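Heads up, the thing below is written out as structure tokens.
A, B, C and D are the chain letters, set down in written order, and residue numbers restart from 1 in every chain.
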Amino acid sequence: MDFNLNEEQEMLKTAARDFLSKECPKALVKAMAQDERGYPPELWRKITELGWPGLVFPEQYGGSGGSFLDLTVLVEEMGRACLPAPFFSTVVLAGLFILNAGSEEQKQDLLTRVVQGEVILTLALTEPTAGYDAASVEVEAVVDNGNYIINGTKLFIPDAHIADYLICIARTEKGTVPEEGITAFLVDAKSPGISCTVLNTIAGDKLCEVIFDNVRVPRKNIVGELNQGWAPVAKTLQQATVAKCAEMVGGAQQVLEMSAEYTKERIVFGRQLGSFPVIQQYIANMMIDVDSCRFLTYEAAWKLSEGLPCAMETHMAKAWASEAYQRVAALGQQIFGGVGFIQDHDMPLYFRRAKAAESTLGDSYYHREQLAQLLTRAESSAS
Amino acid sequence: MDFNLNEEQEMLKTAARDFLSKECPKALVKAMAQDERGYPPELWRKITELGWPGLVFPEQYGGSGGSFLDLTVLVEEMGRACLPAPFFSTVVLAGLFILNAGSEEQKQDLLTRVVQGEVILTLALTEPTAGYDAASVEVEAVVDNGNYIINGTKLFIPDAHIADYLICIARTEKGTVPEEGITAFLVDAKSPGISCTVLNTIAGDKLCEVIFDNVRVPRKNIVGELNQGWAPVAKTLQQATVAKCAEMVGGAQQVLEMSAEYTKERIVFGRQLGSFPVIQQYIANMMIDVDSCRFLTYEAAWKLSEGLPCAMETHMAKAWASEAYQRVAALGQQIFGGVGFIQDHDMPLYFRRAKAAESTLGDSYYHREQLAQLLTRAESSAS
Amino acid sequence: MDFKLDVPEPVDTDTEEGRKFRQEVRDFLDKELTDDVIRERALNRDQPYETPPLVIEFNRKLGARGWLSPQAPGWPEEYGGVERSEVDRRILSEEMAARGIGWGSGYGGIQGAVIIRYGSEEMKREFLPRIARGEISFALGYTEPNAGTDLASLEMRAVRDGDDYIVNGQKVYSSFAHISTHHWLAVRTDPDVPKHRGISLFCVDLASPGITIRPLWTMGGDRTSEVFYDDVRVPARNLVGEENHGWGYIREALGVERIGMGGGVVGAGGSSFLNDLIEYASETKRGGKPLSEDPSVRQSLAQLAIETSIRRLFSHRTAWFMKKGNIPEVEAAMSKVWGNELDQRTAKVGLQIMGLYGQLEPGSNWVPGNGSVEQRYLFAVHLSYGGGSHELMRNLMATRGMGLPREPR
Amino acid sequence: MDFKLDVPEPVDTDTEEGRKFRQEVRDFLDKELTDDVIRERALNRDQPYETPPLVIEFNRKLGARGWLSPQAPGWPEEYGGVERSEVDRRILSEEMAARGIGWGSGYGGIQGAVIIRYGSEEMKREFLPRIARGEISFALGYTEPNAGTDLASLEMRAVRDGDDYIVNGQKVYSSFAHISTHHWLAVRTDPDVPKHRGISLFCVDLASPGITIRPLWTMGGDRTSEVFYDDVRVPARNLVGEENHGWGYIREALGVERIGMGGGVVGAGGSSFLNDLIEYASETKRGGKPLSEDPSVRQSLAQLAIETSIRRLFSHRTAWFMKKGNIPEVEAAMSKVWGNELDQRTAKVGLQIMGLYGQLEPGSNWVPGNGSVEQRYLFAVHLSYGGGSHELMRNLMATRGMGLPREPR
């Protein structure tokens, strides 16, 4: 057991924190929520120069071959800084999917460009059905003359409005179980028949509605196996879920720290706010929530890094973090009071993101139910 | 709207409180938890002399024709005092069932004797199925030569060990729905074939296992209509549920008051315990729980008294009180600390009863689900 | 006990005059009571002390006809009270209730109540008729950057200078200051006495030279304001009551205000919101089944229904307690704490039930109910400290309600 | 980071001597480590500072063979430490782990740790070997009727008289005092200095004349004791460390003690309890279906599984932190608060799932699992104040962990 990061990870963490606190001030974050694109290309260029998009990809694609745990460390700092950049969509969702499922040729082509910061990608999975299971995939792709024609609506797709390519998860066959008959297509975002609308969201992130109206995709753009697309989606979802938890850990940690600092500065009834025992109880509860989120998340990330099975750990981390981050943010708001309720303050950034993060990639109920299946299945197979 | 009791109810409440604080000290309550019978006959005699068993029954049966709200006031004080007496079993469960379902002759016979304190009754409803719905009734009564033969096990039956008669709810027919084919039988507790064992319970109340082994009951002992017994059971359950809530309100109120008093006496770190803001938050939360339980309960009781429908109010009261009383008792334990953990203290009486009361007559999940049925049914019929 | 709603004695409004008046009221409401006014009133129900813009306009029109409510309990005629007949009052009540808003719980009432009790004769004659006519609207000037929960530590200064006071300093979170006519301003007039004893209260014309109002946008999307005073001259006749007695008036106003918080208008607000959620859950399918068939959703909705009932009962208890002539300090605190925390929970559960759709904001494609739940989720954040922090409310409940000793200071 | 469990380097125990020793240990355990001892140890896992009766007996037998654990980290031989070979230690660990108990986390270790650090040479020679042999068992003598959470306000007096101290007064909640050999007694030796500076610590032979032990039965069904001292003579050589320095030793002992609380032995306790619940839910039918198919039950069990994982991670973190040579004050407090409150929740959820059956007590017909969950529900009540109230633990976490200012006294 070792609860410390290793030396390289500590360096990565420090470097990322320093960089982001300098290059990604909160004013920029707030401006980007209003911005049409939603990210500053200049900052994204610098991030690419730092090699972050390539951190987790193998060296043969230009990456630095870092572990999933390394990625987790980096994403935590992004969550802390509320970084407005297409990292999660391009690297975590689409990039890892390509790594998990793509052909060598696709990896060479796409991952190399991801690493260089030349393309923005995203994974077009969710739909108006609003679920993360295979049964929720209803967008259809039918074969036509060696091509596929995609029809339907994808919803809540991050960064689709700026993406060069979408990886569209579509149904190509009605299988006997929902997991069968799903295929992933690499779709040029400028293909005729695609229309994309940015949704207004609580976090000011850029989730999109993407309508596919007879969108034609060549067969060679299938990523992975025809009809066998669910397995890599599931794997990618697991990785993305842990990464999302890391983002939440970063945010929660920052809320805790800024709240604790504020309780030392703020004078109420002639005393520092932090000297009131009720406030101390709040801070202690926030500490418990932050540490518990952190450990659950990093245990899952470590297992992913080591190639160990971690379905249970992933469900635990996301079920817990979804609620804990919201609790931490709510206590932060209560501690800051009026000053934290002003939109210009940093608190609302976290309060809003905590809500968004809860619903993304499955909420607490969903993950507890998944966990219960594993728990009771283990039980019934043991007895 | 009037949140005060009326003058007679205030008098009843004061008289009951005075009487019980004198005649039912906590030492007696504790002794009775160890006692085989579980109640002091002398005290029961005095209670009968006060007319409490007759409070809610019409004058033609020797009662004083009080309202259900009057009964609620009285039962609250019993809950406050942790009264060990067969009142709930005899009057609330069996007595009200007879009033709801019995023939004039049965009422004359039985209720008159209840009022006089001559008989102890109970309702034998629950079984190892441990539910309060009709489907949980599996004990069978089959007709045999004008008599009925009852077989099966009733479980968690209060005061069966001292009861003169049991009202046994049995299945006489397989109906198309579980509510059909249920019949109530008045059974002499000394009938051959009945064996009764007292269970050890957290509250030290006397819940029993009652095994019916070919118990013969004459046809005339049917209370109400053959096969139509569920409706009066359901009505009685509603009344008993509200009465149980009143008992819980009384207990919670007492815990709040004794905890608040203790915080004024106890000196910690040179100050009264109650001057610590964290303790004040606890007491405030207890106040909210006590008042909310009280109002929900009394609204349901008032509606019962007025003959108004109150299924929703009943589910609300029990769902809420089941959890709130436990919260109040747990905070009481936390405030008293070590001294309240000693079995001789009064706190454990309430902590234990709060748990027992939660599971009795349907717990929070059960009542919330029932409530949800009413809420969504209203919605779907409205739309 | 009696849980029947208090229904007034029947009055025959079906006379020729009555019918005519009813038609007049209906025509007026058809024209003036727009959906936007109704929504603004509902959103504002937890801030009865400040008047939002459309309501200001609507009140002015009501006031012009003598139909505004602050005087409903009966202000003397010399202060602008209009003695309407029982029939008229009943019709006004019924018609406005039919549109989902109450009559008799209008704005400006809190300031009016303080002025009628403590104001000089001159102030009463100047302000009360204009409040009754809806011509005056107030923004609160209490909070400062260093005086929030601990309000009495406010630092803004007013110095007597002839017939005026010269006022300097800054207020924050002064909602609707940019569209109100007056500031209900608490300032320090004596810095050399214990902090509670040197505060005075003024009615300040917000058009006075030297006042600058700057917007502050809240997380809830609403605008509030900072108000800066730079050598502002306020006539001494605008002092409410006595100099240096302001803290007592403010406490009284805060107490009155709090009564309306959390519960809102009895029976309104919270429960219709819950009904919307139940309707949403019944009509929205996930995985082929209505959300309302999901057992967790059912448990959540049932729990909210119970807690909403408790809100209703707490509100009724407070109202009943006041009606008996008591000051419902503990009762109002309980009602505020409960109602406001319930608002937070309800919005949270609402968004949770909506899943991914819960994060959508007004105006977005696919947004359920135009984002009203999401807006409420953000708005509700401030309810647990605005108008008295819930930590202080709970301390008050324990000390005043159960006699716990106060924390030694 | 690395979440692999720390597994010791492999050691070849499969030698002839090793096999022989293993057989000897197995035979011993077959005979002495009864189910009752195991259960008593498990129940006592949150009170590592006092030794329950069957464990006292078992430890004595282990100690007689030199197999007891307090000396496991290595006490010098002159104080009774037995230098066992790595092979022997490994075999003892493995065999006891196979029976579900740990080796190396025995009783008397806390007192031993204080004595070895602060005790006089004479005291070390007198007590440590007997602790190592399991001959001595301690009951804590800290709490008094007016000194619980605020322990330093204890009033019991010891007055020097020649080579002895004369002790008078009363202790409460002194668990197992009636079967222990010694009292680990905190008394006031100087009443004229600030309260923390006048406390001393003694090892008192509980057989001393003038000591009366009276039973106190707890809600959890366990016996604890009141201990009365009436002019009890305690030899001055039984003073631990220096006179009037007792508070420092007690705080240190409390800190060590707390490390074990909440988490218990890493990985043990809580999770097997949860597994029992899952098993119960899977095997018990209600309305024809296993309880484990009820969605609410599933949510509850999953939540407990997550919270139990958090307990495990908190415990491991504390252990790791200590291993690095740090004093885990904040970490241990978090672990205690979390673990003990989780124990309360787990028992509560357990009973709730059992429905009507949840209220049955041990020995009753129909009781599930002989009432172990119900007993735990009652027992767990005291965990949130015993060994440091959770309010104080949280204050400590915030002040030491995040640097919040202490409450002014």
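We adopt the following convention: a contact is a pair of C-beta atoms (placed from the backbone, for glycine too) under 8 Å apart; a residue touches a chain by one contact, two chains touch by 3 or more.
On a predicted model such as this, the values are computed, not experimentally measured, just so you know.
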Taking each chain's C-alpha mean as its centre, the one farthest from chain C: D
A-D or B-D, whichever has more C-beta pairs in contact: A-D
Centroid distance [mean C-alpha coordinates] between chain D and chain A, Å: 43
Chain centre separation in whole Å, for chain D relative to chain C (CA means): 55
Computed distance of Cα centres, chain C from chain A, in Å: 41
Multi-partner residues of chain A (at least 2 other chains): 276-278, 281, 365
Multi-partner residues of chain D (each touching 2 or more other chains): 295-296, 299, 391
Touch list for chain A against partner chain C, complex: 126, 128-131, 135-136, 155-156, 197, 199-203, 207, 209, 267-270, 276, 278, 326, 330, 333-334, 337-339, 341-344, 347-348, 351-352, 355-356, 358-360, 363, 365
Sites on chain D touched by chain A in the complex: 1-6, 275, 278-279, 281-283, 292, 295, 298-299, 301-303, 305-306, 309-310, 313-314, 316-317, 319-321, 330, 334, 337-338, 391, 393-395, 397-399, 401-408
Touching residues on chain D, where the partner in the complex is chain B: 143, 145-146, 148-150, 153, 172-173, 216-221, 224, 286-287, 296, 344, 348, 351-352, 355-367, 371, 374, 377-378, 381-382, 384-386, 389, 391, 409
Chain D-facing residues of chain A, complex: 1-6, 9, 69, 256-257, 260, 263-264, 271-272, 274-277, 279-281, 283-285, 287-288, 291-292, 295-296, 298-299, 301-303, 312-313, 315-316, 319-320, 365, 368-369, 371-372, 375-376, 379-380, 383
Chain D-touching residues of chain C, taken from the complex the two chains share: 294-296, 299
